[in-house]
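Structures are listed in the sections that come next.
After this come two complexes, each holding subunit A, first together with subunit B and then together with subunit C.
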Partner chain A sequence: MGLRAALSRLAAAAPVPVFLAPGAGGRSPAQRLRLSPYLEVVDSPRRATVMLVVGAVAAGAAEELHRVHDQLPHPRAVLWWDMETGATAPPPLPTAERVVGDEAAVVGAVVAAHRGLLSAGRPSSPPLLADVEPNDWRGVGPFGQGGKGMTGGTPYGRPLPTRAPDRDGLELDQLVLTLGPWLPMLPAGLVVEVKLQGDVVQEVTLAPSPGLVPGAAPADVFERARVEPVPIAELELARARHHLLWAGEVLVLLGLVAESRRVLRAAVAVVPGAAAAELAHAARTAGALASARRLRHPMARVGLVGADRLGEVAGPTARASGVVTDARTDDPAYRSLGFEAVTEEAGDALARWRVRLGEAVRSLELAAEAGDRLTSVDCTPEGPRGPWRAGGPSPSTALAHLAPGLLVGLEWGDAVVALASLDLEPAELAADAARPAEST
Partner chain B sequence: MIGSVVALLVLLAAGVVATALIDSAVGAVVGGEPVGRALKGPFTRSALLAVQGRTTTERPDAGTWRLAPALLGGLAAVGAAAVPLGRGLAAGDVPDGIVLFGVAMALVMVAVFLHGWSPNSPFPLFGAYRFAALALSYEMPLALVLIGTALPAQSLSVGDIVSSQAGLWNVVRQPLGLPLFLVAVAGLAFWGPLNVADAPDLVGGTAAESSGPALLAWRAARSAVLVAAAAMAAAAFLGGWNGPLLPGPVWMAVKTMGIVALVVTSGHRIPRVRLERFVVVAWVVLIPLALLDVFAAGIVAL
Partner chain C sequence: MLGAVLAIFLIALAGGLAIRAGASIAGAASTAGERVPMLGGCAPGTHAWSRFHARWYPMALLFLAFDMEMVFMYPWAVVFVSEGPLALMEMLMFIAILVVGILYTWRERALEWA
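Moving on to the complex of A and B:
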C-alpha cells in the first residue's frame, strides 16, 4: 500500500501523457501543446491518462470518440478545450470536462485532472461502449470450436480477408482497415480506408471525419487574403510558420521526435512582431532541414508525382514536380519585391520537403523586405497548399484526388510519409463537401 | 552461482536506468530543452506506468502477451551473462560465450514477434512482421564479425577474446567489425533508425496496444537488450576490462555506456530506415563487408 502511494505521488509529477483528438480549428493549437514541458503528447491512447478534445467535434464522430476514450487505461479523464467559448456544441462525450481559456489554462486543467486522478481521488472516466461481441460465437466444443458457421461468416463483425495476387504474383490475404480520424500518423480529422497486403497498400480512399464541423475554425490570414488586401509580411510569416509546423509533423513520422519539438519551437516563434533573432533562427532551422543529407533517404523517390499526373493540383506539390506555378508571381506587390517561385524537379516527397522549407526561408526574407505592402485583392492568393480563390474548391480537394494513386504500391511506412508530404487538410475537404449542400 | 546471477540482474537493471537517463538527456539536447528537468522524466514516467491500469484488446492471446517482455528481458540477461565485467567476473563465461550470446540474440525475434502477434491487432502485427523481415539482415553480420573477433583469440570464450586485446583492441585490428556490430546492436534492440518494429508510423508497433506495467516491462526489456549487446560490443571490440588507472569493471561499464550513448544519439539524429532499401543494403554491402572482416581476421590469425 505504501509503495503504491509513493509511486502514485511520483507518477503525479510526471509530464501528463495526453492523447489529442483535434477537431475543427484544433490542429494548430494541438501542435503547440506538444511544446509544454508539463505534457507529453502520446501517439497511442493506451499510454494516456488524459484525452483532450481540441476544438469542435460534431456528433458524427461519436463512435470514434468513444472508441478512443475506452482505450485509455484507468485512471483516465477526458477534457474538452472549447476554443470558441460556447459557439459550438460540446463533443459527444458525456464525461468530458469543459475547459475555456488560453493554452496555459488548458495545460493547467490537464495537469490538475492528472494529479486528481492519481492522488486526490478523482473518479476515472467510465467506459462509454458496451463490452459485447458484435456477433455471437456459435462454436459447440469445450474450447469454443466446431459447429457450423461458428461466427456467422463475420468473426467479431469483420469480414474474413479475401485473397488476391500481390505485386510479386503471390496469392495473399487482403486486410481492409478503416483508420483515423485521430491516428497520429495521418492528418488529424482524416479517415482513411486502406486495403493492405502485408504492409503494402493496395487501395486507399480518403474522407474527412463526419465530426469535422466546416466553418468552426477562426479565419486565418490566408482566408482573409481571399476577400481583402492583407499585409504581405503577415501572410509570409504565416506561410513560414505553416511550413515549419508541417516539417515538425513529418519529422515525427521519420522517428525524430525530439528534433520535431525543436522545429516546432522555432515555428511557433514566427509571429508578426517577433524579434529579428527569432525569425533568423527560424530561417536557419528551415534552411538546415531543407539541405540535411541525413533526411534524404527516407523521402527520396517516395510518392513520385510526374508533372503529367498533377491534374488540378497547384501550389508546393506542383512546384516540387518542376511546374513553375505560383499565384504570387501575378501580384504586382510581390513582383515589386522581385519574387520568384521556389521549384524542384524530382516530384518526390523529398522535393516537396525542399520546396516547402525553401519557401519558408524565402517567406521570412519577403516578410522582412515587404514593409507595409499589401496583397492585391484582384489576384488569387497563394495559400500554403496552393492558390485558393474565394468560393472556389480548396487545394486539399485536388490533393485528395491525387493521393490514392500515389499511395498504392507503397509499403505502409513510405505511404504515411508520402501522404504527409502532400500536406492535406481534412477541414478543407469537409468545407468543400459542405459547400454544394449550402448552395441548394 | 545465485550471487552472480543476482549481480548480473542488478547490473543490467542499472544499465537500463542509465540508458533511460542518457536517452532523456540526449533527447533534451536535440530538442533544445533543459537537461535537468528531462532527467527526472524516466523516474516519474516509470512510476506512472507502474500504477496505470492494464488494458486489453479483443480476443488477445493474453498468456503470450504477458510472456513476451519476460522472454525479451530473459534473453538480454542470458546474452549479458556471457560477457565478463572483469577478468573471471562473468555470470556465465562459458567456453562458447559468443555462441551463447548469438543464440540469445537470435531468439529476440521470437519475443518481438510474440509481442506483436498476441494483442490481435493490426499495427502490432505489422511491427512483428517488420522485425522478422529485417532480423536476418543484421544478424548475419553480427555473427560474422563476432567470429572475426574469436579468430585472434583462438577461442569462443568472451573472456579469452578480451584477453587477446591486451596489446591492441579489435576496433583497430578489425576496423570493419565495430561499425557493423553497432548496426546489429540498433537492430536487435529495435532502436533509433532500426526501430521498425515499434515505430511511430505504427503508433508504437508491437507496443501500440500495451499500457501500464506491461509497457514498462517491455521498454525495460528492450533497453536491457541494448545494454547486453553494447556490453558485448565493449568486450569484443573495445578491449573489455583493459584500460589504464581505473579498475577493469569500471572500464567495462564506461565502454558499455559509451556504446549505448552512441546508439541512443543515432536514434535522435538519423531517421528510420526504409525497410526494403535497408534489406538490399544489408545483403549487398553489410554482409559482404562482414565476410571481408572474417577473411581478413582469418588471414591475420594464420
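Moving on to the complex of A and C:
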C-alpha cells in the first residue's frame, strides 16, 4: 500500500471536520450534532471537508451560501439535511446532496461523503462563485503602482476605510464589516453590520438573513400555548431544554467545548416522558453551571443593561436587571404551584446566565410538580425569551432594539459575549419583518 | 564557507518544497471567491488595512524603560559579595526610586489600556 493511500485511510478514520450552516429551524438540530463522536464541528469553513446545511435556506441568501461553500478547501462536499421530508424547497446549492432522516442518518451521510472524498474518488464540489476579482488593483504607474492615498489605486476593488473620531479624541480609520449569517460566533442567521476602530465597536446594525424562511420551522409548544391550553409539564421541560441548549452555545463561544457537550447531553435528555434520573441530572448540571466561578471572568460586568434601558424588553433579560416580571405569575395554574420568578440584580451577561440556568432548574421542578395541570389560554404565555402574545411582536425584536446600544463601546470579544447573552433568535426577527407584508 | 553556502541553499530548497507541499496538500485557493476572508458569508466591503489607536503603546514603552534599568543589576551582582550589605542598601534605594515611578504611572492610569 502506498504512502498516499495509508495517509488517506488514517484521515478518513478521524472525526469528520464539518462546518454547519443552519437555516430556518436548524439551530437546535445543528447543536445536537455536536454530540456525535464521528463529527468535529469546526468554526471555519477553511478547516472543514464537509459543509452541512441544516434546515431551510431561501434563495435570498444564495450568494452568502455560495461564498461559504467556496471557502472550504478542496476536496469538499456539501450536504443538505432536509428535516421536513420534502416540505421545504432545497437550498440554492446545486451540488448539495439531500439527506433525509434522523441525526444518525445525517452523521452517516457526512462520514460517507468524507470517506468518499478522501479515498473513494468522490469528486470535490466545484466553486460556485465566478472567478472574478471585484476590481483589479491598478494604480497610475506602469506596474500598477502609485496613485492616490497610502497605497495607491484601489486594492482589489475595496476602498480603504474612512476616518472617524475615536474614544481618545483621535481621527482614525473605521473598519466596516458585514458579518454573518453563518459566522459561528453570532446567532446563526443573524447579519451584523459593525463599524470597528481597532477592536472597539463603534456602531452596530442587526438584521435577519434574507435566507430565513418565516414559518419553515414546525410550531413548538410555546407557539401552541398562545392559542390553546398546553400541559405545564411539557411547557416547562421545553423551557429547561431551551435554556440548556443556549448555555451549550455560550460555552462553545467561551471555548469550553467539552463542558458544552456535557450540557448538550443533559439538554437532549430533557423530553416529556424522560426518566426521573435524567431530569435530576439535568437539574444538577444547570445548578452547577449557574454558580460556576470560572465563568465569572468572561461574563461579569459585560453588556450591562440597567432597568431604565430595557424599553420593551421583558423575559429573562429584564429579570436579570432586577425587574420582577414574568407572565407566568398571572396564570392561576402557576400560582397554585407557588411559582416565583427567578431574578438577579446585576444586569450583566453573568446575571442573564444565572437567571436562565436558575430558570432551567426551577422549570424542571415545576414540571415534576405540575402533574396534568394546563396553562390558561387567557394569559400571555411566557416563552423562553419573554412573553409573546398571539399576533404581537416577538421578544427577539425588542432584544434587537436593545442590542446596538448595548454593544457600542465594547471590545469585540465582549460584544460577542454580550450578544450571545441576549439569546436573540433571527428567525423571530424574520417572522416579525414578514408580518406587515402579509397583513397589507 | 562552502558549508555555509550549502546550508543556506538547502534551507532555501526545504522552504520552497514545504510551501509547494503545503499548497498541494491543503489545496491552495484558486478562485477569487475562495481567497476572500471568512466573514460568515458576506463579502468584505472595505480593505482590512486600518490604523487604530494602540493603547498599550505607553505600557510597552514603560516596559522597555524598566527592562533597561535591570541592566544595572549585572555589574551590581558581580561586586555584591565583596561590597556586602552596603551594595544591598544601594540597590534597594535604586529600586525604591523605580517603584515611585511605577506608582506615578499607576496614578496617571497609564497601565489601563483596555
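The rule is simple: the second predicted complex is superposed on the first by the 423 of 440 C-alpha atoms of A that agree within 3 Å, B and C clash if a C-alpha of one lies under 4 Å from a C-alpha of the other, contacts with A are read in each partner's own complex, and residues count from 1 in each chain.
In the analysis below, a residue touches a chain if its C-beta (ideal position, glycine included) is under 8 Å from a C-beta of that chain, and two chains touch if they have at least 3 such contacts.
These figures come from a predicted structure and were not determined experimentally.
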>> Which partner chains sit in contact with A:Pro161 here, subunit B, subunit C, both or neither? Use first/second/both/neither.
In response: second
> Between subunit B (first) and subunit C (second), which, if any, makes contact with A:Ala258: first, second, both or neither?
Replying inline: first
>> Under the stated touch criterion, which partner chain does A:Val132 make contact with: subunit B (first), subunit C (second), both, or neither?
In response: second
> Who does A:Leu183 touch here: subunit B (first), subunit C (second), both, or neither?
Replying inline: both
>> So in the superposed three-chain picture, is A:Gly198 touching just subunit B, just subunit C, both, or none of them (first/second/both/neither)?
In response: both
> Touching A:Asp173 in the superposition: subunit B (first), subunit C (second), both, neither?
Replying inline: second
> After superposition on the shared chain, which partner residues are touched by A:Ala11: those of subunit B (first), subunit C (second), both, or neither?
Replying inline: first
> If you stack the two complexes on chain A, which partner ends up touching A:Ser363: first (subunit B), second (subunit C), both, or neither?
Replying inline: neither
> Taking the superposition as given, does A:Glu64 touch the first partner, subunit B, the second, subunit C, both, or neither?
Replying inline: second
>> Output the subunit A positions appearing in both contact lists, the one against subunit B and the one against subunit C.
In response: 44, 46, 71, 73-75, 156, 175, 177, 183-184, 198, 411
> Which of the residues in subunit A come into contact with subunit C in the complex?
Replying inline: 44-46, 61, 63-68, 70-71, 73-75, 127-134, 150-151, 155-156, 158-162, 166, 168, 170, 172-184, 186, 191, 197-198, 200, 209, 411
> Which part of subunit B faces subunit A closely enough to touch in the complex?
Replying inline: 26-28, 30-33, 37, 40-41, 43-45, 47-48, 50-55, 58-59, 122, 126, 129-130, 192-193, 195-196, 199-204, 208-212, 215, 267-277
> Okay, in this complex, where on subunit A does subunit B touch?
Replying inline: 4, 7-8, 10-11, 13-15, 17, 37, 40, 43-44, 46-47, 49, 71-75, 118, 156, 175, 177, 183-185, 198-199, 251-259, 261-262, 265, 294-295, 297-298, 302, 411-414, 416-417
> In the complex of these two chains, what residues of subunit C are touching subunit A?
Replying inline: 26-27, 29-34, 36, 38-55, 114
